[in-house]
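Chains: A, B and C, in written order; residue numbering restarts at 1 for each.
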Amino acid sequence: MTGESVSSPLPFVAVLVPLAAAAAAPVLGRWPNAREAASIAAALATFGFVAALLPGASDGKAATVSLLELSPGIEVALRADAAGMLFALLASFLWVLAAVYSIGYMRGLEERKQTRFYAAFALSVGAALGVAFAANLLTFVLFYELLTLFTYPLVVHRETPEAVRAGRKYLAYTLTGGLALIGATAWLAMLGVDASFQAGGFLGEQRWWTDGQLWALFFLLAGGVGVKAAVMPLHSWLPAAMVAPTPVSALLHAVAVVKAGVFGMVRVLIFVFGADLLRDMGAWQVIAAASGATLILASFLALRHDNLKRRLAYSTISHLSYIVLGVALLGPLALTGALLHMVGHGVTKITLFFCAGAIHVRTHRDQVSGMAGIGRQMPVTMGAFALAALSMAGIPPFILFTSKWYLGWGAAEVGQQAFLIVYMASGVLSAAYLFPIVIRAFAARSPDFPPFGEADARMVAPIAVVALLGLAWGIAPDLPFGFFELASSVAADAFPSSAPAAEAAP
Amino acid sequence: MEQLPILIPLPLLAASLVVPLAGLWAPRAVFPISVAAVALSAAMSALALAEVVAGGEALRYTLGGWAPPIGIEYVVDHVAAFVTAVITGVALLVVVAARRAAAREAAGRRGLFYALVLLLLAGLTGMVVTGDLFNVFVFMEISSLAAYALVFRGGRAGMLAAYRYLILGTVGGSFYLLGVAFLYFTTGTLNMTDMARLLGEAEPNISVAAGAAFIFAGLGMKMALVPLHLWLPDAYTFAPSSVNSLIAPIMTKVGAYVMVRMFISVFPEGYLADEVPVSQALIALGLAGSVYGAYAAMGQRDLRRMLAYSSVSQLGLLAVGIGIATPLGLAAALLHVMNHALMKGALFLTAMSMRMGAGVSDVRMLAGLGRRMPATSAVFAVGAVAMVGIPPTAGFFSKWYLSIAAIDEGLWFVLAVVLASSLLSAVYLFRVIERLYLAPAPAIAGGADDAPNAAAPAQDAPARESPLDVTLPMALLALATIVLGVLNVVVMERVLEPGL
Amino acid sequence: MEEVAARFPFWMIGALLGVGVWGMLGKRSLVKKLIGLNIFQSAIILFFIIGSMHEGATVPILWHGQHNPNAEDFVNPLPHVLMLTAIVVSVAVTAVALAFMVRLHREFGDLDEERILDELRR
């Protein structure tokens, strides 16, 4: 394992707090105010614990905790390294906002079974943090499977036949992916390979692998995480899962779950295989081709969908492939860009989903075609939507411009100008499927619109915060968490030979 | 405590004589006596397990003081202690939980009912602790006869199921006896230790091969290995609820245990793969069974029948582990004996609880029970998740070690089938979870006869959560699947690895 | 031919096993199934007994004054003892099966498997 390790129970505590909060939810279920106060308190506490790990991670002294042996010789170990830190910070920080937003949303719609919702939500965040901090493959698989299990009740929350079908599809895809991971992990465990994640990969050191074995392992692992990363053709659970309540779509299907897949891709490609081995095998081309195709195709599919959440789902699929492609390019700049894009897309896409939810609560409209003129009535919400749309299209000075800049630069750095063009084309497409919504919302007039105002403050406030963060992080990505620093330190660890990524955002 | 091996089945056997009399004179005493006997046996098993793990030596007891090769020897080594601890522990929880159901189903004949339960357990524990091949047969028939009689109490359909079970079960036992005859005439001994020594010295011959084939055919019948499983679905479905939650988790496991015993204590290493293709057959049939069972379970409407086919599937995996026959494969199989006993115990108890509390056992009628029977439904959910094999539940780790053992031997298709079968089990188990928790119940796609009126009555049917003496043992079993999953390394390293 | 004749008892036992299996699987009547089972078990018991025999052997009883008894002179007594137990088991099985049949006949008025199944399906 690269970098120093400091023994500390903090990563475990950070995972445990959401799980404890989930246990508290049924106890407090009778008093909604107490239940939701507990949910916010847990989110804040979790964020606090994760933030406390930050100094160690940025100094290269990752906090590590080993819990118990899960299989002879393999421990459940959590380690807050720089890469995990990026994901954990993002998930725990956005959970605070999503927790506030959920209250407005769930109460606004008078949703049923809110206690189950809050419990499963907290459990899912806990599992996502476990994925972030997992120090070896078995721990990763453990939390990855738990994440599947805990998000299932959220997907089927509405309990309509459509939701149940979506839930089945979701389980079918993600459990299959999980099984592929389990198979690969068992294989590595049998060979006695110490499957602790290691920047630069650990498989490259094992010289006795045959090509066939490596490829089989590659397909099992990359396929396993590729399901949650929604790389085509493994993507179709994600649009289906949009039947979940919007806070779920926002935090889990734009941030925690899918990012767990993308993050898993980082772990698999960079920390298991390593860049050198993937280059030797040529395996990176498989991922790059699949994600490059997904990137473009999903953007076109997004254009076709009138349902706002579905459109956003395809946009998510497209942007996830930005990240996967960035990782697969195997260059320090591309990796920096990919990790930044993971953060940036998280905060941007959650803005868009929050807006979609606010619109749904106020107007019960889900179709883009029904939203003409809505900007006049919900100026803050639609203003935030506009900011996020600009960011998605990669307009400076938003965060996604910064990340895309590095991704494009990284593609050029490794001599893959074709992918640079893909990135640029996709930016145009993002604009094509998001800008019309904004323009019609503000410019068009719709006579049949009943008058209604802005959504509940508990929804509008988080929306405004995430929208402005997308801008703020674009201007200064290091404030206050040092995302850029973390991302470039991961890249420097993974590609020790290359020069460290240039400082200073453009 | 050199008598410890015999002290495991003895309380059960003694109580089975007392209980019918108690049934005549003091029916109220029947249940406490029975539970006390099972608890005592469980305590003895736990003690034996502790002693074996601490001492590292097998406990041996010679019946009547006759020296081993001639007399009957009772041996409790790591594996035997582990298996008796599992079956008596699970049986204790099930017997307690099934009290109300048994009181209803054994109306008026409580003494005889519990006598049969105790005989069943005595036979099963006896099979585990004995070190004599013929003695295994005797205990096997004791437990089987008790099981036939218990299944017979399950109403009109149960009667015929029990009769068929009797015929097939006895054929299984007879095959085993025939196999033992071949081995006996080759070696002249029935003591397992002695036979292992003599078989190791003897040249492999056709007689030993035939013996092995007949023994495994008989045991395959007892553990419901496909295609010898035909008795199981009916017997488990139509048996009284209190009975199937007892026999489903433990009975077939003991058949599997005797198979393991054949591999580790009777036949020389490698003999059952090189001289007789027993290993290969176990792997092939086990894989077929695990897929077939899961496939058949998907089509079942009756919850108990679904769980029965799920047992066929899980026993198939167990057989694969035995067939791989490396220490890791056998350890995986034995770990699965424990895990499956816990999971199936919990699941069959929930089926019992649903039948008692809501009067339903049809999967389509379970809609909304998640709200009205929260504890039962939660236990079912945990048991189902464990069956699917989501880490860190126990079910994951049996599959985990099985996968590692299979890869170790280069059996890639085994890995593929193991993973596929857990996916299939997810299909039929999550279908039930959907029914329990997601109301209104959506129509299952493609089911033409899944008419709304079939699901409708359950919406209004009265359902009451079972009392604490049912839900608590059930919850303990569910909890154990998680705790023993997390702590599986302790079981593997302290108990199973030294024993194999 | 001599080879076959020498193994005559074993052929007989094989035939009995076959008859038993045929009775259990091929017959619809529950009574005949039980008879098949009994024949099957008897064949196994005979197998044990025949295995204990050998040419020129006698009853395994020592009388007073006999010194240096030779194992070759006696029939192996252990299989006989085992078969006593096996017969007890088989009698118990038969008893249970007969008891089942009485109840089945009371319930269905019939002992034909197919007709009972039809009755159950109704």
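Following the convention adopted for this analysis, contacts are C-beta pairs under 8 Å (C-beta built on N, C-alpha and C of every residue); 3 or more make two chains touch, one makes a residue touch a chain.
Every value quoted in this text rests on a predicted model; they were computed, and no experiment measured them.
Taken together, the touching pairs link the chains end to end in a line with two free ends. Distance from the centre of chain A peaks at C, each centre being the average of the chain's Cα atoms. Once CA atoms are averaged chain by chain and compared with the all-protein CA average, the nearest chain turns out to be B. Centre-to-centre spacing of chain A and chain B amounts to 43 Å, using the average Cα coordinate of each chain. Separation between the centroids of chain A and chain C, computed from CA atoms only, is 70 Å. Annotation: 29 Å between the Cα-based centres of chain B and chain C. Shared interface positions of chain C, defined as residues touching 2 or more other chains, are absent. Across the complex, chain B meets chain C through its residues 134, 137-138, 141, 145, 148-149, 152, 156-157, 159-160, 162-163, 166-167, 170-171, 173-174, 177-178, 181, 184-185, 190. Note for the complex: chain B touches chain A at residues 385, 388, 390-392, 396-397, 399-401, 403-404, 407-408, 415-416, 419, 422-423, 426, 430, 434, 437-440, 442-443, 445, 486-489, 492-493.
Of all residues in chain C, only 21, 24, 30, 33-34, 37, 40-41, 44, 47-48, 51, 78-79, 82, 85-86, 89, 92-93, 96-97, 100-101, 103-104, 107-108, 113, 116-117, 120 touch chain B in the complex they form.
On chain A, the positions that touch chain B within their shared complex are 68-72, 141-142, 145-146, 148-149, 153, 156, 159-161, 163-165, 167-168, 171, 175-176, 178-180, 182-183, 186-187, 189-190.
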